[in-house]
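Order of writing sets the labels: A, B, C, D and E. Residues in every chain begin at 1.
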Amino acid sequence: MTAVLDISHLHVFFDVYHALDDVTLSVGRSESFGLVGESGSGKSTLLRAVAGLAPVSSGDITCDGEAITGAHRSRAFFRKVQMVFQDPYGSLHPRQTVDRQLLEPLAVHGIGDAEPRIRRALDEVGLGPSFRFRYPHQMSGGQRQRVAIARALILEPKILLLDEPTSALDASVQAEVLNLLEQVRRDHGLTFVMVSHDLGVVTHLCERLAVMQHGRVVETLTAADLASSRVRDDYTRHLMTASRGFSR
Amino acid sequence: MTTGFETAPVSRRDWLLSDRPTSRMQARLGRAYMIWLRFSANRLALAGLGLILALILVAIFADVLAPFDPVQGDLRNARLLPPGTGSYLLGTDDQGRDILSRLIHGSRLTLAVVGLVAVIAAPLGLLVGTVAGYAGGWVDAVLMRITDIFLAFPKLVLALAFVAALGPGIENAILAIAITSWPPYARMARAETLGVRHSDYIAAVRLMGASPFRIVLRHVMPMCLSSLIVRVTLDMAGIILTAAGLGFLGLGAQPPSPEWGAMIASGRRFILDQWWVATMPGIAILLVSLGFNLLGDGLRDALDPREAGR
Amino acid sequence: MSALLTVDNLKVQYPTRSGLIEAVRGVSFTLGRERLGIVGESGSGKSQTGRAIMGLTTPQAIVTADRLDFQGMDLLKASPRERRALRGKRIAMVLQDPKYSLNPVMTIGRQIVETLRTHESVSKAEARRRALAMLEAVQIRDPERVFGLYPHEVSGGMGQRAMIAMMLICDPEMLIADEPTSALDVTVQLEVLGILDRLVATRGMGLIFVSHDLRLVSSFCDRVLVMYAGKVVEELRASELSQARHPYTRGLLDCVPKIGESRHPLPVLDRKPEWAA
Amino acid sequence: ASPPDTLVEGFAFDDIISVDPGEAFELSTAEITGNCYSMLVRLNPDKTSEVVNELAESWSVSDDKLTYTFKLKPGLKFASGNPITAEDVAFSMERAVKLDKSPAFLLTQFGLTGDNVTEKAKAVDPTTFTLTVDKPYAPSFVLNVLTATVAAVVDKKLVMSKAKPVTPTDKYKYDTDFGNDFLKTGYAGSGPYKVVAWKANEAVVLEANPNYFGEKPKLKRVIYRYMKESASQRLALEKGDIDVARNLEPGDMESVSKKEGLKVTSAPKGTVYFISLNQKNADLAKPEVREAFKYLVDYDAIGETLIKGVGTIHQTFLPTGQLGAIEDKPYKLDVAKAKELLAKAGFKDGLSVTFDVRNIQPVTGIAESFQQTAAQAGVKVEIIPGDGKQTLTKFRARKHDLYIGQWGSDYFDPNSNAETFTSNTDNSDDSKNKTLAWRNAWDVPELTKETQSALLEPDSAKRAAIYEDLQKKVLADSPFVIIYQQVEVAGYSDKVKNFKLGPSFDTNFVYTVSKD
Amino acid sequence: MTVTASTAGRRRARSTKILFDVGRFLVVLITTYLGLLAVTFFIGRVIPIDPVLAILGDRAPASAIARVRAEMGLDLPIWQQFLIYIRQILSGDFGTSVLTTNPVLTDIARVFPATLELATFGTLIGTIVGIPLGVLAAVKRDTLIDQAVRLIGLIGYSIPIFWLALLCLLLFYGKLDWVAFPGRIDIAYEYTFTPITQLFLLDAILQREWDVAWDVFRHIVLPGCLLGYVSLAYISRMTRSFMLTELGQEYVVAARAKGLSERRIIWAHVLRNAAVPLVTVIALSYAGLLEGSVLTETVFSWPGVGLYITNSLQSADMNAVLGGTLVIGSAFIALNLLSDLLYRTLDPRTRAR
């Protein structure tokens, strides 16, 4: 397995708060990797650190052979790595139509054939042309999340960082989005790094996952291990019980 | 395009209100129409709009509408005539000039002051605020220091000083007011930028590799725009009043230009016996700035989805 | 089992520029001293139902019902004052997000005491004592400390417990919990549910539990109402969830991925227009 | 309401910068000094061609007309109780000359300098003071100058006890400020009233001087209350909050005069208002243009409206009442004639000029009226309004085109106005001379000579003839469009008795006033 | 950077953070003052008024003019003048005002209290009347009451204050005789009454001089009410808007669910939350009145700092302008600081733990 994303000894501080404490991870090419853990454990921060949106104080990140330092990211980096955010209500610019939002990455990177690309991207996420000129407030959460995915895909990245892409959605819509993600991954041979607090979702989509607590990775294991309860860490076990629902 | 929607089976209203627009134009018009619907539901706001439109029309057709020459008076025969004397509907001033005609021509000055100040101060404030807010760090510190200095400086003193330095005249008054009125816009834009800066959609644009310049210009600024527009409209009244205040202190317009504030200033000498000389321009200022305020208030409700949602 | 609350053909409508929005379209059910779950996707009218019972819909809402009866009292005919006396005292409601439903500038203790002193004339010291006891009852470890904290100083789970304490301090006969745990972490979620469960069991309250999580509701409640587009499409015992007949209910159950299950792609809901009819 | 023992006047005295008689040269200060200080001689308010003695018992001139000897009245006292001696008189002169403030030139024009003043102005004995001048001037001229407030006698003992030491520089060679700092707001005189307080733009408070040697004033206190506007003065007067309104404009004057319980009084003052044309501007330097502008003022309409009651149309530079003043009024509004003259000068299509105007009435009104009438002849006038000091700065730097100003006689002698309007000893930009002629770059060596000759003409009739000639020449050809002579007005409550305005600003006496 | 070092560093950072905050505040303060100084200095140099003229008057001899020019350092290069100026200010010497010949500090000590008194009066009225009106309008949203309150506010926003002041003066003084003549105090008292704090109303009450207090009140009431109206317009409008925002919050629903009365919800819960941003609004409007009442002061001959600066400016009396500017600037900064502090105490979320 060749690693496409390598993270070693990563530390992130917010002022004095140690949000990521010595995180080391490696994600293989075309692998789907999950991150679970309680709220505030640093899952989102990890993704944002990779994307250059969090203040990394030390540690190394290697992405597709390119060593990255600090917060600066090359232009090429953004064509390799894209991200989908948790809140579909907050990740789309409220004053721009879908068309504008999809056009923007193309304009930034000076990509020419905008028209067919936009149409293709919308098609791919299952939105018809009737959505093209809508504003975010004219769409449902699931539809917005599809637009966010389309926006991430339009630059044809290799790695997609997914930060709880379905947690704001209804169960039924969640299924649709999960299916969509699976499909685009297959079609494009993408590498996924996905955050979720729902073990069901993670095991559904990912082959391997890491469990995080208090800014550390406490355990890395495969989905199969989890399904058959082959876990070492207490916290992982605790999470598993909790996700089975309420019991008196 | 016109044929497009005349042959279409849907009504124009439905076309505008459609939640599945088929073109950029339709989407944009639809949004504007929604705003208009919200706006027009507010009667006071419509009244404000009416007042402003009337002002603009009066300014455009001043030459046609004004019954007399606004600057040439009849000192000997027509001085300080009360309203309704002869054909002087609103009376005459101390140079024997028709007050109505002066008010009509003065609307041009008022409009120019308001328009130009808005055009100078608002973009300046917007630029400073968004850049400071987005860049953070020392850029923010420096820009905000400058803003604070201008904020802490007594506004009218600054304006007075500028007019005194540059010489009187409406252009300089405009510059002076513009120079004193941008800091609040910068503050506001910065606050708004700070709110927007950490949002996911800005993060998404950064992840596209867009330059900070592009982010500020195309993504942050539009977010500040609607509150800026509202604020500017509401400030228009303040601008008119400041200009009038400068005129009142003898520093705004040059005689004989019919600037309303200066008209009040020269009319106040006669307030005891010839009340109309100072009262008429006062009413004009009140009406116009009321118009802008009503308009701004209505725009705020129409543009701010938080308020309009209820 | 005597009915605490009887709802018959409850409707909630909102007049808007583009016509009447029907948020709730004729919901009927009765509630005894039991745990009744209401599930449904977003926008199906769950919260509106709860709020209509409380009388907390916004003023422009039009609320009608053939019957809205709480222990023999016609809620729709009751004066605002009478309804206010009911609220917090006999019917209470826990809102979804503790972050927003606690007054940010008042200490938690004061907010709890306030409920108590609104409905019962007790001395300050007595009120404080009871508030502390209530905080303890919702399993807050250090009630004295939390009593003096502001909402932003406590975690989501603690905030939600404080909210529950605030609503239960007057020993209401009925509690409406509108998605009380969906803002919380999975592990915390279960703790809060545990507390609710114990309180209902010990005090004999009627509970309406609103959620969009079918699995959670089924494991927590006695009875479940499934809502779709402002209507109840199915009502069933929690234990009989697996025998649900309505395709909507089945679909909701099916589309959730579970650990150790391999269904690719996941089944999705195929909404039929006749469901909403 | 105003207290019974106090006279309250509403007065726009924003020109006061100091109440030190050795420093002050402003019109409002003249009134204060006039009421609070004594001088050797005074202008006779009833007959302005005469001077009368005040501190002096008698005076005489030597035959060579160079030495003036004054004998003081006996037993005079300052307000402080110190006796008034010739020493004080000499000190007052020395002080004014050495301080070298604005009014010092009145004395230095007689050849007094810091170095020789102790010699030339000295006390021979406690009651005898002699002044030696450098040329045999007409005695009327010298005595008229000595009535100016700069010659007010200050209390040497008191002043020097308050004097502050200063470090001498090349510019100021003395080691004391001669009490200037103290006297700016303080008082060391012997007049009927003493200055108790001057608060800039708020009030000037005078109190009766118990040591006054003359007839004691009737009222205990006089308060000048700063009020800028005519309308508010009138309002306050009508309400009885002030007893006298000093800056009434024509309309308000009329109303006050008709109102029961109120009266008005007026007195012509030695101040003329004029529009001047800067000769540095080549267009304005053409004689035809100068003349044309004189036809572009609507004298009659202005006289009937804007300055009605507060001024009389007057076209020569000497105010009525001064020696040699003539009343010629050859000009009136005549657009056709002006056009013709302009065409002759090559401005068939008109010309554009700027016009620096103070923000004060009636000048602004007159300027606006002129702007309108000039427009009829194709002269485009751009008014640049400004505060007094601002327009003055420009005027003094000779950077204006047109300027509207006034000139009040520094002392009641024709030379004051003649010198400023007709003499320009050095027309260069860095000239020391700042007369109106210089300020408008009007280079007139002949007129300058003629003006100087009038000074040495001892015969009054001949002297008057020279001034008449000068006035005619200025009327015909100067860059000064003289419009009117000021009439000072006041409205007052009829409770106030004996209120009168004098012929000059330092003769607006309040010590004779009483109240019912 | 190694891990251990960074953790230790963070801990140290926490303890120095307060120190750092204080330091930053001082830097802010100093730079703002320096900025004010520089701007004032600059204004003084560009104004086309010869400052010597203001000192000597129009007819001074050339020698005197040259002497004063040298005394004032006007013949030095600009930067040297600025340095001298700064040095002077730093040593606490604001110079003497040319216009009044008093030390500027003395003048300020007289005129600032006048403005302070007026502005405080206005702000009190604006707050006491404005807040209830705003609350009322928000609670009765879209009713006639709401529209009426809005209109009152909007007119207050739109009316030229100097014009209204003139009309009111005419009516209440000229016609009705309800209020006293422009100025702070009647002539009769001006020279018998010795103020202590220079806030006349307060002084008179402290000294139990009831007739003086009444007279002072009759003077201040009209300009004070006019300023109060302007501030009321702003405060009521902002109160309404903040109340509306707060009324839409979930905690209001929660409070209703508790069975609280509407009145208690509005006044104890909602207004208490709206008060947090309102503090800033009131402080801003107060600051605005402190600096911006030049026009009112002109009409009412109120010897305040606005009038003082305006008069000084017109005489190029830059010492006085600077003094006034710094006072107003300081008042602005102080009010900002105060509102910040109040904000912190009112809003537990920003309170330091």
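Here is the rule we use: a residue touches a chain if its C-beta (ideal position, glycine included) is under 8 Å from a C-beta of that chain, and two chains touch if they have at least 3 such contacts.
For reference, the UniProt names are A = Glutathione import ATP-binding protein GsiA; B = D-ala-D-ala transporter subunit; C = Peptide ABC transporter ATP-binding protein; E = Peptide ABC transporter permease.
Keep in mind the model is a prediction, meaning the values are calculated, not measured.
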Neighbouring chains shared between chain B and chain D, ordered by label: E
Contacts common to chain A and chain E (chain labels): B, C
Chain pair with the higher count of C-beta pairs in contact (C-E, B-E): B-E
Most central chain, judged by mean C-alpha position against the global CA mean: E
Centre-to-centre distance between chain C and chain A (centres being mean Cα positions), rounded to whole Å: 33
Whole-Å separation of chain centres (CA-atom averages), chain D against chain E: 41
Centre-to-centre distance between chain D and chain A (centres being mean Cα positions), rounded to whole Å: 88
Whole-Å separation of chain centres (CA-atom averages), chain A against chain B: 46
Contacts with two or more other chains, residues of chain A listed in rising order: none
Residues of chain D engaged with two or more neighbouring chains: 235, 387, 390
Per-residue overlap in chain E, given as positions that touch at least 2 other chains: 47-49, 170, 174, 314
Chain B residues within the chain D interface of the complex: 71-73, 75-76, 79-80, 94-95, 164, 167-169, 250-251, 254-256, 266, 268-274
Footprint of chain E on chain D - complex, ascending: 1-3, 6, 8, 14, 17-18, 24-26, 100-105, 108, 169, 171-172, 184-185, 196-197, 199-203, 205, 221, 223, 225-228, 232, 235-236, 238-239, 241, 387-390, 392-394, 396, 410, 432, 434
For the chain B and chain A complex, residues of the former touching the latter: 19-24, 26-27, 31, 199-201, 203-210, 214, 218-219, 222-223, 305
Complex contacts: residues of chain B adjacent to chain E: 44, 145-146, 148-149, 151-158, 160-161, 164-165, 167, 234, 237-238, 241, 244-245, 248-249, 261, 264, 268, 271-272, 278-279, 282, 285-286, 289-290, 292-294, 297, 306-307, 310
In the complex with chain A, residue positions of chain C that touch it: 41-42, 156, 185-187, 189-190, 193-194, 197, 212-216, 218-220, 251-252, 255-261, 263-269
